[in-house]
């Protein structure tokens, strides 16, 4: 399975993070480690998980010293168990030490998101529901985190405010204030941005029919009970695709999925995943 | 209490995140909300915590539309309870909707870190131990996250690889390989970067005396038992300052502090804090 | 009618263009015009058209000297006749001369696109067909040119490769090579990017039914005869929206629109509009 | 014939345009085309013209995927006929599809300028008149467009406001207001920027002698009749070089050239050239 | 006397230098100086000189804290004596301390160049010779340093390789290798860049006539004796302007100027001027 | 001896300087030198000195044309005599000419700093005193200049305001104003930035004991007589390290060193070093 990631983005982010850490001016390593000393460093999982971010980690070492050689044992998107070696870097010990922390910062964080995503995806296995991310991402890392979600088997909700229309409750109120209907609002969107899919958020089953009249591609069922979600699926009968959100946890995600919704979005995938425990073991 | 943050940094990060979200091209809002409609939006805490990031949130709205007025009810560094209003933004409804998600992404994440930090700081209250962050920060957000740690009452460990020397186990091994002693290594660092403080990491009490001979400003006791930490404090007798790290949790942090160490560093403050639940309630 | 444009984008582009022209180092003006001399300059249309780009022109003068005052007589999106004054700038004569060419470069080019768009929009007046732009834009100016299209009454086709899926003939061939059907390809897209609308390109009426089976939001009828376009409209019967493209000219666009298609896309709006003749007349 | 172009500029512009198009996140291609599929794509001229921009097109493919191989059949600056193959790219089909539009946007636009330039250059063949561009270029693409003019056999007028002095009518008025003469103004320029050539614009033959007194390197004859241009050539007698501008069209350019002027500048070369029709034909 | 300097350039350079110094994160000042404490700081000359760089110094304080007020006592380009106050900044003491070093770094360096330039300009007073800078500037500061030269009464030689042609000895050799004459080389330059002035370097009086045949705007007399320079002036008789360079010192510059050359260029103005001694005296 | 320098920094600075010089658009070279002509250029010292900046010079040529080959004869940090060849570049003559000036600008300036540093270092040979730079560096070139100081055998004082605390006289006054002691101020710094070393500036021997009470890592003896410096060394007796500054010249530096201070800082190393005379001799 290939998980595409823009090589320019990888390089830009890795470089920025190395400069943020002033890795090129590591006062300890440059004063204490001989320039000629070489070694190899192994990324080792300290707990089971799903890998994401290996190409970024690779770039960190290469940007510090292009003599570093990176040999992956796993690929992004693969599951691994505790204690498994994930990749080996060979090169000057100086470079291995200078890039270590930044490489781990990327790898642990992205693998944390991939691992959490995979848990949700596994929990709904056999249903038709996709697990989606949200726009609740770390500022500056959106493309990377959405990639990590794909590594975990999830799918990407809209990337940004321009790539899909979402009529939320506040929009509905503004629309009502101006004396317009949802149908008119959807038409205004299609007039301005005809190629963009429209999703309408509802938080009560009673709003469903009015929303469907606007013929959106998607309807978002926000914070609704499982009973109401099931009712919405039945009532919609394929006239739009349905997404459930709000209060989704590993404990209840399968029940939500079994209502027949098309997708379930989970903010925690990106805003609250904890870093996975991965270490770098150096030998020389 | 003032918590300093470079205004240029705030503006650069806010702008970058808004562009990442293509907030200026919000296809929904621009098509459905009248340009003349104004309103006000209140940041409301859905759980208790410590505030961090308000100036960044403010910048998000101002950069979208400089007619937005931001009125803080709390200041960064203050504690708040569930349901408390934190700040109110007044301005065009379009701008309120366009900046909402990005502003929340910053505020929830940074307040998450400040809140977790405060929990650790409160847990060691009355001891002399500082709670320190690490370099395990989100790539691109280091200065912001270290600021959030200060908002939570913590102190900042070295900002980057150039601002303090830290001789870790891998450095020790490299030094040994080259037939040099710790004393010589420390001298080499002082020769190259005389103004930089030196910390030496040890993971066994038996290494303490050799480390002290190099006259470091700090010694890092990594993953040592509370008994050994206490022993190290006694044996060091003020010859260096002592930092404990490794496996630090809210449950054991007070016991570590009571050994008399000067500081305790906690990677989780920045790498695994979950986003705090804060909402933006819009009225117009 | 308001035409939204990101103020940051305006400023960035204006600044870049001024630097490209080294306007701040105008060797003629700085040596020959007294710093204290003030005047006013009027943008005058030398031919009728539709205005686009006034905020960018305004920014050019303001960035050179923030004492420049800009008074618009027309708004972006308005029609104007030959010889009409469009806006007046008052300020130091030095600044007026330094920014003149760059301001005109933006204004003439964008008004050219808006004017050409308006001609197509007027030609299909009374039909339901939208006039759409394409991705055939000037590198670096896409957002500005798509804005100019809106100023001319057109609508924006997908902004970029990430904001809508378009299965073109080459994709179809690749899909076939891999032994997959259009239905499977569309499903793969929806699996990866569920919120993105899908358009399928066909160039022969015989391909229509197979395309409709994949349930795309849009079908693109490329280079088809008016008879076939009309047939496609009839056969589709609302199952997807239809866009016509290829060989669209002012002479035939109304006939295409009258077939009942939802949209007609015209690459020339951005790739071949000529600059509108606008001059800046300086008085002091 | 070699046409120099800064390789860094090429790379920066190509990368920027690819990012503007979000080519690295092509939701269609990444979901429907297998990563392992390779093919080759041929740039084919659909009309005769002069080539410009091939190195930029090459960079677009290489930046998407450095396995792309680019084999030119023509060089920038060469004429080609309709249906001729211009270059072939071989590589992963994904990359060919992701870079296609951006590469064409550069190539069509720049070849359009080169082709229009060549038409003017051919029209004055046998005279001594150079065909010059102006500063009426696309913001952000000035160096590229001036390169395209050279590809078409034209020469470059001043690149920017710092690289040559041009005393226009507005400067003359400001100079007069301050009670200074043209001679004094020219001296002021030479005092400040001694190495810069000076051109004085006149729009009436009666202004010629006064202009010549200032000993400019160039005189610009703006919007003057062919009779007056001829008179100016005779009267100047080599004391300055002469440039004609204003209302220059393919129909009258030869007559202007035959007056003996040294150069003729044509704004349309860059502000109103239409994109040349070039297609990319993919085989795999 | 006004000395123009692009305000954007000032801001960009000041901001960059402040970030380079991490002035916003001044660990001493933020921990020890109260945020509410205000004061004023006076720039005081410790030796006589010519001022250059005041707007950059002003920007440094304003960028740190926009409450800083800057009151100049002198203007760029003015002479001042030892102990004279040059400007006063009023504002928060924190900001005064954070920006101090960076503001002085600019002001001392640029005033050093202006002062040295003025010494050369004064030395040739009464002759017609301009004192010119060279391209031997500090990387990144060329525009600022060339401005400082103007502040000192000097004039600017070509800004960069694109703004004037200079045929040096190496070019002559390359031209000869290709079997071309100087006349042909000059024609090739004029063909490619017709608006650019041409200078030809000679280092022996015997080369003068051949150089004059190419009709350059300038001839550079490099490292020639005063006798030969005088001979060149006589022989040239106004057919080109003459610049002398090489081994120019305060001791011999007047003798060179009295030969009648039009300009004398001095690399030391920018590559070897020492920083002027200026201090910032803080009161609060 | 290896002198580390971030390869990314080198490339960024070299590229910026080449663009500043518009080296890619060298109107002379591109018009007069054949693209196929190759040659070699030798950097030759015209005076004795210490080398610094060779990797930057190398990058200048490589960035213009990656066919340039760079063969160093000396390494950064080495001493050389007058007339010695330092390095040879082989490649297209065009590239050699285009990059020449920028490469020399870096090399002459940095070698100037290294050479001056070495003179001070040699003057104190046999004592324990380090020669330190200051923050009086050229805006934008700090890392490069501090590297040149290391090449000359010097050591680097604090890089920026965040990497070490320095309590200067103005801080002392602010602290006194707020009714705090030096001990309290030092504690406040350690509370906020525990890993940062503290230096306290005194300008009178009478302040020494109060300063020592705060237990700083360093004390700066500013502008004190040699007698007082010697007294301070004796009185401090190893309780802090001592730095002398102010009025340090080659004539008096050894006397200062012989007092037993640990370090002597010299602003002139970076703010007033003159460019070393190095030429590039081209053969082809």
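Note that the chains take the letters A, B, C, D, E and F in the order they are written out, and that residue 1 is the start of every chain.
By definition in this document, a contact is a pair of C-beta atoms (placed from the backbone, for glycine too) under 8 Å apart; a residue touches a chain by one contact, two chains touch by 3 or more.
Since this is a predicted model, take the numbers as computed values, not measurements.
Counted as hops between touching chains, the shortest connection from subunit A to subunit E is 2. Here the chain-to-chain distance from subunit B to subunit D, counted in touching steps, is 2. Superposition of subunit D on subunit F using C-alpha atoms only gives a rotation of 120 degrees, nearest 5. With every chain reduced to the mean of its CA atoms, the largest distance from subunit A is reached by E.
Per-chain Cα centroids separate subunit E from subunit F by 23 Å. For this pair, subunit D with subunit E, the centres built from the Cα atoms lie 33 Å apart. Measuring from the averaged C-alpha position of subunit B to that of subunit C gives a distance of 45 Å.
In subunit F, the residues touching two or more other chains are 25, 30, 159, 162-164, 191-193, 196. Pairs of chains meeting the touch criterion: A-B, A-C, A-D, A-F, B-C, B-E, B-F, C-D, C-E, D-E, D-F, E-F. Touching subunit A in their complex are the following residues of subunit D: 15, 19, 24-25, 30, 35, 63.
On the side of subunit B, the complex with subunit E involves touching residues 2, 4, 6-9, 143, 159. Contacts from subunit E toward subunit F in the complex involve residues 13, 16-17, 20-23, 25-34, 37, 93, 97-98, 101-102, 104-106, 108-109, 112, 135-142, 160-168, 170-171, 173-175, 177-178, 180, 185, 188-189, 191-193, 196, 267-268, 271-272, 274-275, 282, 284.
Listed in rising order, the residues of subunit F touching subunit B in the complex are 130, 132, 150, 155-159, 162-164, 191-197, 199, 217-218, 241, 262-263.
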